[in-house]
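First chain A sits with chain B, and in the next complex the same chain sits with chain C.
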Partner chain A sequence: MSGPQIARRALLGTALAAPFAHPSLAQATDPYVIGTLFPMSGPNAEYGTLFTNGAALAIEHARADNMLRRPMRIQAEDTQALPQQGVIGMTKLVNVDKAHYVLVGFTAVSKAVAPVADRAKTIAVNGGAVGPDLSGLSPYFWNVIPLAHLETQAFIPFLMGRNLKRIALVYVDDPLGDAILGLLRTELPKAGGELVGSFSVPRTAQQFGPVAARVRQSRPDAVYIASFGAQQAQIIKGMRDNGIRVPLVGYSALSIPTVTAMPEAEGVIFTSQKFDYTGGSEVTRRFATDFKAKYGSDPGTYNANYYNAVRLFALLAKELEAEGAEVNGENLRRTLLRVREFDLVGGKATFDDKGDMSAEIQVNEIRGGRVVPIA
Partner chain B sequence: MIAYAANLATIVAIFAILAATLNFIVGYAGIFSVAHAVFFGLGAYAGAQVALLLIPDPLLACLAGAVVAGGLSLCLALPALRVRGEYFVAASMGLQMMAVTLFSEAKPLTGGIGGLVNIPRPTLFGVEVSVLPLALVALALILLATALLQRGAFGRTLQALRDAESAAEALGKNVAAAKTLAMAFACAGAGIGGALFALHLSFVNVESFTMDQSVLVMAMVIIGGTGTLWGPLVGAIILLSLPSGLAFIPFIPPTEVGAVQQIVYGLAMTLLMIFRPAGLVGDLSKGRATA
Partner chain C sequence: MLFLQLLLQGLQTGALYALTAAGFALIFGATRIFHFAHGATFAIAGYVFLYFWNAGQPWPGALAAIAAAVVFGLGMERFVYRPIQRHEGSFFTVFVAAFGVAVVVQNLIGMIAGRGFASVDTPLSMANEVLPDVFLAPIFWIAIAVAIVLFVALSAFLTRTHAGVGLRALAQNPDLLRAYGLSSNRLSMLAFALGSAMAAPAAILTAMTTGLNEAVGHHVMLISMAATIVGGVGSLRGAALAGLMLGVAESVALQFVDTQWAEGVSFLVLFAFIIFRPSGIFGVAQTR
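And now, the complex of A and B:
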């Protein structure tokens, strides 16, 4: 065999082997891929931006602190809050982008991507949807937000203390609304209150005059709103325009700018995970200060939740790097179940066997377009 | 990458089934339904319930989807027998809106807005199978059936109804039977697509069966070429792979990714309709404004 032939074969062999050699070389230097499956267009795009801003700040902080040996980068996929787009995006993130960790929002998208996460053993983390049916979807599906029933449970003593005992519920007839309805039905009487009316509204409804009339007839002390997104703003406006003057109350979905900025939302009271941005932990204060500096506004609940989701990844990956273990779904889950408690924005957060987070709940009021903690 | 391409191909095949069956009533029979997602949904819920309650056999799920959707196609056939054109569009919109409400409220059957979760993966003779080959076979069979029906007496009757219903009736064509059968065939096909969709996603809820989905399928038919055999397939490929292809553009900031994709997507669709008004596979001489 002549020299040139050997050289040609060696060159050919090297060329063929190159694609396989590249990944092992790349693993040491390439960033950790944080996939995001958020609505970045369509009527829910506002949420996608809120979620992404929180995640992006967490990456900046991790880089500034040299928490990890490899950088992190966001790979965004637009779901339009639709399950089908979510599955397409998740499959791309898992198989093409080789995402190490995926952030998701919205109940239907979460439920659709959970089986893909399960099969691929890739961690998917929800920080936006609060339906109790999101618990236990898969060992690889975690919730970094207290689910709605926990918020409502913590809210009842506050309502009784304010003498808001007769509660009317306006709710979307979905698992979240059903869970809140069930909880108010059973827990309000135990605390000395009463559910004086429950009014189911379709998710697509935009006019609430007739509902407001029925709510008024029930003579409540407060109206609990269990909806989400822009519909909440329409419900609040519908109630106020139709003469409902009693306090409007709800859960953390009310913390979006669409709601807080509207004049009719003045005085709306809602629960959220506890975030003491002035007197809280160092992590909490730093998040609040840097968020305001970067985005020019106070952070909201969703900003904090997705900051926490990425910070959780950084903390877990740091542990794995120290162990010399590969950063993958199985090892991330193993480490989560070993460590359990993490220092996140808002304070200490604890995760149970299902990957659901529990944290302290606070009560907020919208005053002058801002969210002010009141209890 | 192969898994991603296979997933995308599965969704394209399922939507091609939907587009091909809608094309059968829109393109050949002139029945402009904007309620095709209803029958897609009926098939999905039927297929999902078979898999959840009995066995995850894809053939049984498809059969159930076809029977339920085909059987309930009378809901659409009845208004189609009484009204035409824009009046029928309004009637089908009403059906679509009513069905979304029913899907949201019939919790024992549909799981309500929360949907049906943990639908098992399809198995044939005890072996887990991918939905892709099943969807491709179903699509091929539907296209074959469409081609055969189109060339036969039934297809000519439908085209006669589309072009001049009164004239066709005067010549002795049974308008009611032809429309009802066409609707049953198209809706049964959509039901098969729905059953495959449920098995592929392992989750279904009402958000996949809204008016937006019906409009998307209609857009696939129009962009591909109404009344052509291959047009709906081309339309499904274009409308589903274009956004997926745009997702690979690397320099778009994460918060702008959706807006940029939607702008490029909308622009491409507009240009396509300007330069190919009869659709990509349609007759070039049709569809242009002549005034």
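And now, the complex of A and C:
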């Protein structure tokens, strides 16, 4: 065997082995993996698109601003808004894709994936689910959306002020629906109201004429809808088509475009977190302007929440890069608790010890296909 | 009055279930192909109608919906099921192929028409108080009338025409059919065309009442399968009657049970039939 042949083989072998011998060299340019556990198919797929749009814009902005030394990339897993699919997706994200940070939505999915996030010490951030028991699920599970108890606390006095005291609840049979039922059951009487009927529907239910008949019998002043996705739109149509003329009310899930565009949704009143896109901070105005330019529509609550979730990661990772520390769940959490206040869409956001972001709540009404803040 | 209200709503829902289930039963009864993509046929017809409705063309939209359903059904028969059967594919192979197509159609609808809820905005679905505390929409009468007319027409076709008798014969003895000079392939295509066309009116009426989403086909398939089993496998009138019965059962049940159990009642009926009368309402018990 001649000398040059050995040299070529040695060179080739060294080149192939280099990334393994010095993993830091390979990692230095590897992107940060932002996992997403969103419904990308099925009756709740509309949310997946809304969530992803907000996250993608935040990545674009971070790249444009050269916030981080390494790029970010989204690794999507379709949950279909089902907890089983969520756990499968989360397990793959942490074990196979080595996700640095995971975005999640929907109460049932969030509750299912939180233990996996806890075991893997990988941060999971919710920007779409509002079940009140999502607070404090794990040190590695954060919320960038005000949870349902904050929405109902703000909403019940508003309803009483409008003399809407007898409330009937149509709620989906899942942890979110059960949580809203519990809140209305305890909070309405304290404010002088009454839960005159509660009507649970399975997640797969599509016929709401018979439910409307039962709702009508309870003689409510308003009907609170606690569902999401295509089903909440079907409930609204089912109620209106079947003679329910009293106000329909609900929570932030009603802010999706297909609901606001429905003629039957005219006058629907719901709560959401407060955003002022016209005034407010530079971050907020840039988000609103660029979102409209990129997607051709005004941003909604969910777009902003998942933008904030990714921006929060970029801000935390920037701090860690400056320290020379590894970007992992433990260090992200340590930095969150040290910094606490961040410049996000909507203004200065503050996080508590549980990783929950505080936010103001506003009451909205759907008028002419648009969401109009009314209180 | 609640009972009357629930009964009327159950009849409306049941009429739509009956139309869809009868289409599935016709295909399954004649060809013994478990056409799981029947739900996809329903979704395609609904969205085609929606497209034309939004363009201000409801009547051409209805015709286009029927045409789209028939073309899809024929395409499945010609390009999916027939090649599988040519290679003597098992029942399970057919099921998996149909399931795969249904998933692809669902995703295509999501990509083309959007992933949210979609419905037709029409005064026909707006109920008015016809009796104290009883609300009825004009679409109730349309659903009942469409179901009756189509079943009468289909029954006449199956019993009084050469092709109709051939379809019934196809289910019983395809080999003998060939001996009489009839083409089982052509009759199979006829079964798919008719069965798929039956889904279109139900899809149009569903777009007007409960609305559509990309996953609407799965629910339709569940009901169609349940109705086919309850009605008696291979029996068209059995599937239609069972569809009507399931619609009424899931609505009237709310007089007695919590709203949570509405869908569960349909499947309780199904279980009851499987246990106590496995051959269904009009099915013939098989001996081995």
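Here is the rule we go by: the second predicted complex is superposed on the first by the 349 of 375 C-alpha atoms of A that agree within 3 Å, B and C clash if a C-alpha of one lies under 4 Å from a C-alpha of the other, contacts with A are read in each partner's own complex, and residues count from 1 in each chain.
Criterion: a contact is a pair of C-beta atoms (placed from the backbone, for glycine too) under 8 Å apart; a residue touches a chain by one contact, two chains touch by 3 or more.
The structure presented is a predicted model; accordingly, all values stated were derived computationally and were not measured.
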When chain B and chain C are modelled together on chain A, clash or fit: clash
First (chain B), second (chain C), both or neither touched by A:Pro263: second
Which superposed partner A:Pro202 touches (first chain B, second chain C, both, neither): both
Touched partner set for A:Val211, first chain B, second chain C, both or neither: second
First (chain B), second (chain C), both or neither touched by A:Lys92: first
Touching partner for A:Pro83 - first (chain B), second (chain C), both, neither: first
Partner chain(s) touched by A:Pro175 [first = chain B, second = chain C, both, neither]: first
Which superposed partner A:Ala230 touches (first chain B, second chain C, both, neither): second
Contacts of A:Gly243 with chain B and chain C, given as first, second, both or neither: second
First, second, both or neither for A:Thr49, with chain B first and chain C second: both
Chain C-contacting residues of chain A that also contact chain B: 41-42, 45, 48-49, 173, 202, 204
Residues on chain A engaged by chain C in the complex (per definition of touch): 41-43, 45-46, 48-49, 173, 199-202, 204-211, 213-214, 216-217, 229-230, 233-234, 237-238, 240-243, 256-259, 262-264
Sites on chain C touched by chain A in the complex: 2, 5-6, 9-10, 12-13, 106-107, 110, 114-119, 121, 125-129, 133, 135, 137, 209-211, 213-216, 219, 250-251, 254, 258-260, 262-264
Residues of chain B that touch chain A when the two form their complex: 1-4, 7-8, 11, 100-101, 104-105, 112-115, 117-118, 201-205, 207-208, 243-244, 247, 252, 254-259, 261-262
Touch list for chain A against partner chain B, complex: 36, 39-42, 45, 48-49, 52-53, 56, 74, 76-78, 80-84, 87-89, 91-92, 94-96, 107-108, 111-112, 114-115, 131, 133, 137, 172-175, 178, 202-204
